[in-house]
Amino acid sequence: MSVKKIAVLTSGGDAPGMNACIRAVYLAARHEGIEVIGYQHGYNGLLKQDYVEFTHKDIRNLIQRGGTVLFSARCEKFRKEEHRQKAADHLSELGVDGLIVIGGDGSFKGAELLQQLWDKPVIGVPGTIDNDIAGTDYTIGYHTAIQTAVESIDKVRDTADAFERVFIVEVMGREAGFIALNSAIAAGADHVVLPETFESAGDEIVKILDKLDQRRKNHANSSHIVVITENLWPGGLDILRDSLQTETGLETRVLTIGHVQRGGSPVWQDRILASKLGAYAVEMVVNDERGLMAGIRHRYPEAVPLENSREDLKPLNHYSISMLDKMTLLD
Amino acid sequence: MSVKKIAVLTSGGDAPGMNACIRAVYLAARHEGIEVIGYQHGYNGLLKQDYVEFTHKDIRNLIQRGGTVLFSARCEKFRKEEHRQKAADHLSELGVDGLIVIGGDGSFKGAELLQQLWDKPVIGVPGTIDNDIAGTDYTIGYHTAIQTAVESIDKVRDTADAFERVFIVEVMGREAGFIALNSAIAAGADHVVLPETFESAGDEIVKILDKLDQRRKNHANSSHIVVITENLWPGGLDILRDSLQTETGLETRVLTIGHVQRGGSPVWQDRILASKLGAYAVEMVVNDERGLMAGIRHRYPEAVPLENSREDLKPLNHYSISMLDKMTLLD
Amino acid sequence: MSVKKIAVLTSGGDAPGMNACIRAVYLAARHEGIEVIGYQHGYNGLLKQDYVEFTHKDIRNLIQRGGTVLFSARCEKFRKEEHRQKAADHLSELGVDGLIVIGGDGSFKGAELLQQLWDKPVIGVPGTIDNDIAGTDYTIGYHTAIQTAVESIDKVRDTADAFERVFIVEVMGREAGFIALNSAIAAGADHVVLPETFESAGDEIVKILDKLDQRRKNHANSSHIVVITENLWPGGLDILRDSLQTETGLETRVLTIGHVQRGGSPVWQDRILASKLGAYAVEMVVNDERGLMAGIRHRYPEAVPLENSREDLKPLNHYSISMLDKMTLLD
Amino acid sequence: MSVKKIAVLTSGGDAPGMNACIRAVYLAARHEGIEVIGYQHGYNGLLKQDYVEFTHKDIRNLIQRGGTVLFSARCEKFRKEEHRQKAADHLSELGVDGLIVIGGDGSFKGAELLQQLWDKPVIGVPGTIDNDIAGTDYTIGYHTAIQTAVESIDKVRDTADAFERVFIVEVMGREAGFIALNSAIAAGADHVVLPETFESAGDEIVKILDKLDQRRKNHANSSHIVVITENLWPGGLDILRDSLQTETGLETRVLTIGHVQRGGSPVWQDRILASKLGAYAVEMVVNDERGLMAGIRHRYPEAVPLENSREDLKPLNHYSISMLDKMTLLD
C-alpha cells in the first residue's frame, strides 16, 4: 500500500500537547510525502465531512500552544453503526489511507468500532490529562496537568500558611488518582484522597483527621493541604469542608482547580511525548498496522492493541503511596 | 524624638508583596540604626505580646516570597477599647517608637483607633489584592492577583476554544471591580460583571446574552468568557450557569479562581510598590507623623490621613470600561 | 472625513504586547465599521505594498501572544525621501485613511517625515521594551521585559546563594536605565549600573566594590547580584567579571538575559496598555488628528505631538534610586 | 545496627530539587526516629565540622525552593586521603551512622573513596541538571533545567519570528546532550549540536546550513533556532554566529541561557524524584547498605553500586534523535 493521505482528529476531553501531536503527524507525514487533513470537532467532523487541509503555515509555532486547533467534542451519534459506516464512507471518498485519533478511552472505543468497518489503518494516540489509559506509561497532557495543579497548590499554601488554615484542593483525574497522587507528593500535601483507595466518606474523614492531628502535634504553626480527586466526595466538598472545620477548629477552605488543568502551554515532557507518538502513529499507518494505539514505554514508542488500552486500570506507583504515608507524618 | 525600635505587623487578608514590605521596613530601619520587631498573627500578636526580633537572616531572599512570614489574622477582640488599650500598653512596655500596620481597610480602622490611645506613630501600609483603598493608586498584591487571574483565564480559554464553550470565571475583589475589570480586558473576555455597575441578576443576564449573541453573529467557531466579581450573584454561579446554558444552548462551565489569587511570588510591580511604601512608612515614623497611610501616587509615595483611605470608593478607569464595551463587541 | 480603511504596522525592536495592540486597532476600527490592513515587516511592507487584510480569525486569541504577526524590521531605505514618497503614494493607492505605526523613537522619526508627505493621519503608538519614549508614562512591552528579567534573576540567585557567588546580570534598555533600575529593586540586587549615572568604568568599579564590601560585613553567607544596563561597559562584561573576581576573591559569573526579554506572553499591564493605546489611536485617526502619538498618562490615553516623544530623556524615578542606595546597604 | 543519626550534604553544581531531597531525607529519617544533621558547603563542611541540626521548621515549605539550604561547593582538598580521613573521623566523632551525598559524578568519586575509610554507609543521590549519571533514568534537577531552557527558547522564538532571524541557543549539559536534545525537540528547533555526535566545527556548520537551507525552501517567512550544548564550539559561539550570518545572509544572534537553568522552583518531576531518592537513601542507610547510589529505574528507586554510576556514558534516546532529523526537515 502506498500511503498518500492521512487524516487526524482530536476527540474527548482536550489536553495540553494535542497540538504538538497534530504538528508531529503533519511533519512526519510530509517527510514521507504524505498529505494530511484534519477533521474538526472530533468524530463530528468525520460525520459531516468537515475538515481542513494542513499546510506548513498551520503548524508553525504550534508545538507550544494549549488546546487543539482541530477542536474537540464528544459525539453521541458515533455510538450507532450507521453513523460509523458513514464515517468510513467519508474517509474512502476523500481517499484517506489512514486515520489517527488523538483522545482517551471513549474515543478509542469509537476507533476500534470504526476499524471494523473500514479497510485502512485506524490508529489511536493517548491524549488525556488523566493518564487512565493502559498500555502506555503516560498520556499526552498528563505532565502539564500536574504541573498546573502543583503551581496552584504552591500559591494556596502561601495563604494557607499566613492564616494557618486547612485547604481542600480538588484536582481532576476522572476515576484515576494519578494527578492527585503526584500533585500531593510534589506539593508536600498532608493527605491525598484517591479513587483507588477510597472506601467511604466516613473512613476517609477519620484518616484525614488522624493525619492533621499528627501534624499538629509536631508543629506549633502550620497549614494543612488535603488533595482530593474530583467526583469522589458524596454530596460535595462543602460537606467535607464543614466537617473538617468543626472537627479541627481550623478555618477550612475549598479550592477546585478545575479546567485550567486542561489548558496552558504543554510542559516539555508532553511536547516530546506528543511528538514521538504522533511520528510513530504515522509510521504505523505507513506500515499498514491496524486497530492499534501508539503507546510509550520506557521512553520509546510501541504499538499496543487498542483493546488493551482499557484492559484494567493502570496501577498507581506504590512506592509513591507508601512514601506519602510516611513522609507527611512529620512534615 | 529619637526612634530606636519599630514594630510591624500584617493584618487582614494576605497579599503577595507583604513579605517584600516587611523586608523594606527592616532594611530602611536598619539603615537608620533602628531595631525592628514583628508582631505575629496581626493584632492578635499585639494583644499577646507575641513577636519576633528580626535579624538579617530573616529577611534574606524574602522579597520574592508569597504569603507573610508574620502570619495574618483577623482580630475580633481589637474592636473593644480595653484590648486596644492593652495593645498600646504592650507597645510602650517594649519601648516601641512606631507601629507599621500592613493591611486593608478593616486593619486601618483598628490602626486609627489604636492611634488615639497611643502616643507614638501608627502608620498604615495598604496591603490587599482588592485595591479598594482610597488615597493610593494601588495596593500591595493587586498587580499579582490580576496576573494570576489572567494566566488562569488564558489556560481556560484553550479548553473553552477546543469545545466552543462558555466559561464563567469568578475572581476576587470583595466589593470592588478592579481585579475583574482588568482581568477581563487583559484576557480578552466577552463581558465582565462589576459590583460598581451591577443592578440586578435579571438585567445582568440580559446584558450577557446580548454580548454573547453579538459575538456569535460574527464568529462561526468561538468560545465565550464572562468574568464576574465574587459575592455578586444571588444564589450562586450555578444558577447563572444553568441560565446561560439554557439560553445559549452552549455548554457552560464555572471556574472559581479562588485563593490562588492571594498567593504566589509577587510580580515586580508589587515588589517595588511594597518596597517603596515600606521604606516610606519608616521615614514617616522617624518624622513622627501619626495616623497616616503610606500611599502611592504617580509612582511616588505620599502621606495620606488614615481616615481618607476609606473616604469613598475609588472609581474604576472609565476608559477601560468604555473600551471593553466597544472592543469585545466584535472580537 | 469619513474613515473607511486604516493601516497598521510594527516597526523597530519587537516588544510583548504589539499583537495585543494590533488586535485593539482591529477591534476598535471594526466597531466603527472601518476596515483594517496590516503592512508586514515594518516600513518595508509599505514600500513593497506587502500587506494583509485582517479578518476576525486573524485576531482571535492574539492578545496573549508575544512577537508580532505583522513581523518587524528596520528599514534603511525609509531615510530617503523618495522612498517615503513612494510609501505615501502606496497608502493613497489603497485608499488608506490613516496609518498607525507601533514602534520606538526611530520608527516615530519615520512617521513624522511620512506625515509631511501624506495628507491623512499618521499616528504613533509607543511599542518598545526600553520605555525610552517621552510623553508617555509607559511603553508597550516594558512591563513584561522587567518581569522576565526579574524571574531570571530570582533563578540565578538560587545558584548564587548555593555557591556564595557574585553574579553580574546584564539587562536591556538601550540608553535608558528603566529596565535595569526596576529589575534591580524588584530582585533585591546589591547594586545597579545605570546609563543615566554612569561616569567611568573605574568609578563604577569602586562603587560596586564598596557595596559588596558593606554587604559582606553584615552577612557571613551571601551572594551578590549586580545589575547592569547593556552596552555600558567598555570592553565587555568579562573585564568587569575578572576585576570583581580578583578584588573580592569571590567566584564571579556573568548572565546576559538577552532577547528573551523581547518575547513571551505579555503581562496584563502590557495587554491593557496596548489595548488602550490601540483603541485610542483609532479614535485619533477618526478625528483626523495628525502627527501625534497615543501616549498614556496616569492610566488614561492622551495625544502627544510625535516630536515631543523624543524631547528629552524621561527621568528615572528618583525615589527608587535613593531607596536602592539605602536599602541594599544592609540586606 | 541501630541508626540514630544521619548526615546529608549537597556537593558540586547545584540543581533544582536538592532542597526537596534534603527535606525527604529529614522526613523519612524522622519517621524512623532518626536525627538528621546537614553539612554545609559540600565536603568542606565535613572537613570543618560545619553543620546544622535540622528541625521541623527548617524543612517547612522547602520542597518548592530552588538552590540548596546546605550550600554547595567543590572541594579540592577532598582529593587527598588525609583530608578524607579527617572527614571520616569527624563523622565518627559526631556519632553519625550514615552519610548521604547529593551531587554528581565528581561528588560520587569522593563518596566512594570516603566509604573506603569509614565503616558506615555512604550513599549517593544523583543531583545534577546534566543527567550524565549512569545507573539512573534521571537525575534531580534535569527536568527543571529543560523546562527553563524550553521556556526561554519559546520567548526567543517570538522575536526570532518577528525579525526572521537565526538564533543560536546555548544550553548546559557538560559533556552530555540530554538537555540540548530534549530542549531542541520540545522547542521545535531546526537543529541541535550534541557532544555525542559532534565531529568537527566544519562538519557541523555544513549540517546546520543544510538544515536551514531545507527549511527556507519550504517557508517564505521563517525563523531558525539552533540549539547547541555548552563548551562545544571551538573559539566560541561568536565565530559560529558570524559564519552562519555570512552564509545565510540572515541576521544571527546568540542566546546563552546560562545559570538560570540551575535555579528556580523545581518542576513536579524533580520534586517527586528527589523525594523518592531521599527516602530511599534513608532506607539504604537503615539497612546498612554501603557504597551505593539511590537511582531511579522505571519510576521505582533501586540501589546501584557507586562505581557503576559513571560506567559509560548513558546513551541518548535514539528515537528522539531520528525524529528530530525527520521532523524539522519540513517544519
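To keep things simple, chains are lettered A, B, C and D as they appear, and every chain counts its residues starting from 1.
One rule holds for everything that comes next: contacts are C-beta pairs under 8 Å (C-beta built on N, C-alpha and C of every residue); 3 or more make two chains touch, one makes a residue touch a chain.
Because the structure is a prediction, the values reported are computed rather than measured.
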Worksheet item: If we look at chain A and chain C, which chains touch each of them?
Response: B, D
Response to the item:
When centres are defined as mean Cα positions, the distance from chain A to chain D in whole Å is 28
Worksheet item: Cα centroid separation between chain B and chain D, in whole Å?
Response: 39
Practice prompt. Provide the C-alpha centroid distance between chain A and chain B, rounded to the nearest whole angstrom.
Written response: 35
Item to complete: Give the residues of chain C that touch two or more other chains, as numbers and ranges in rising order.
Response: 154, 157, 161
Worksheet item: Should the pattern of chain-chain touching be classed as line, ring, star, complete or other?
Response: ring
Discussion item. Please list each pair of chains that are touching.
Written reply: A-B, A-D, B-C, C-D
Worksheet item: Which residues of chain C touch chain D in their complex?
Response: 10, 14, 16, 18, 65-68, 71-73, 148, 152, 154-164, 167, 221, 253, 255-256, 258-260, 262-264
Worksheet, complete the sentence: chain C partner, complex, touching residues on chain B are 23-24, 27-28, 30-31, 56, 59-61, 63-64, 143, 146-147, 150, 154, 157, 161, 182-183, 185-188, 218-219, 222, 265, 267-269, 271-272, 275-276, 279, 298-301, 317, 319-320, 323, 326-331
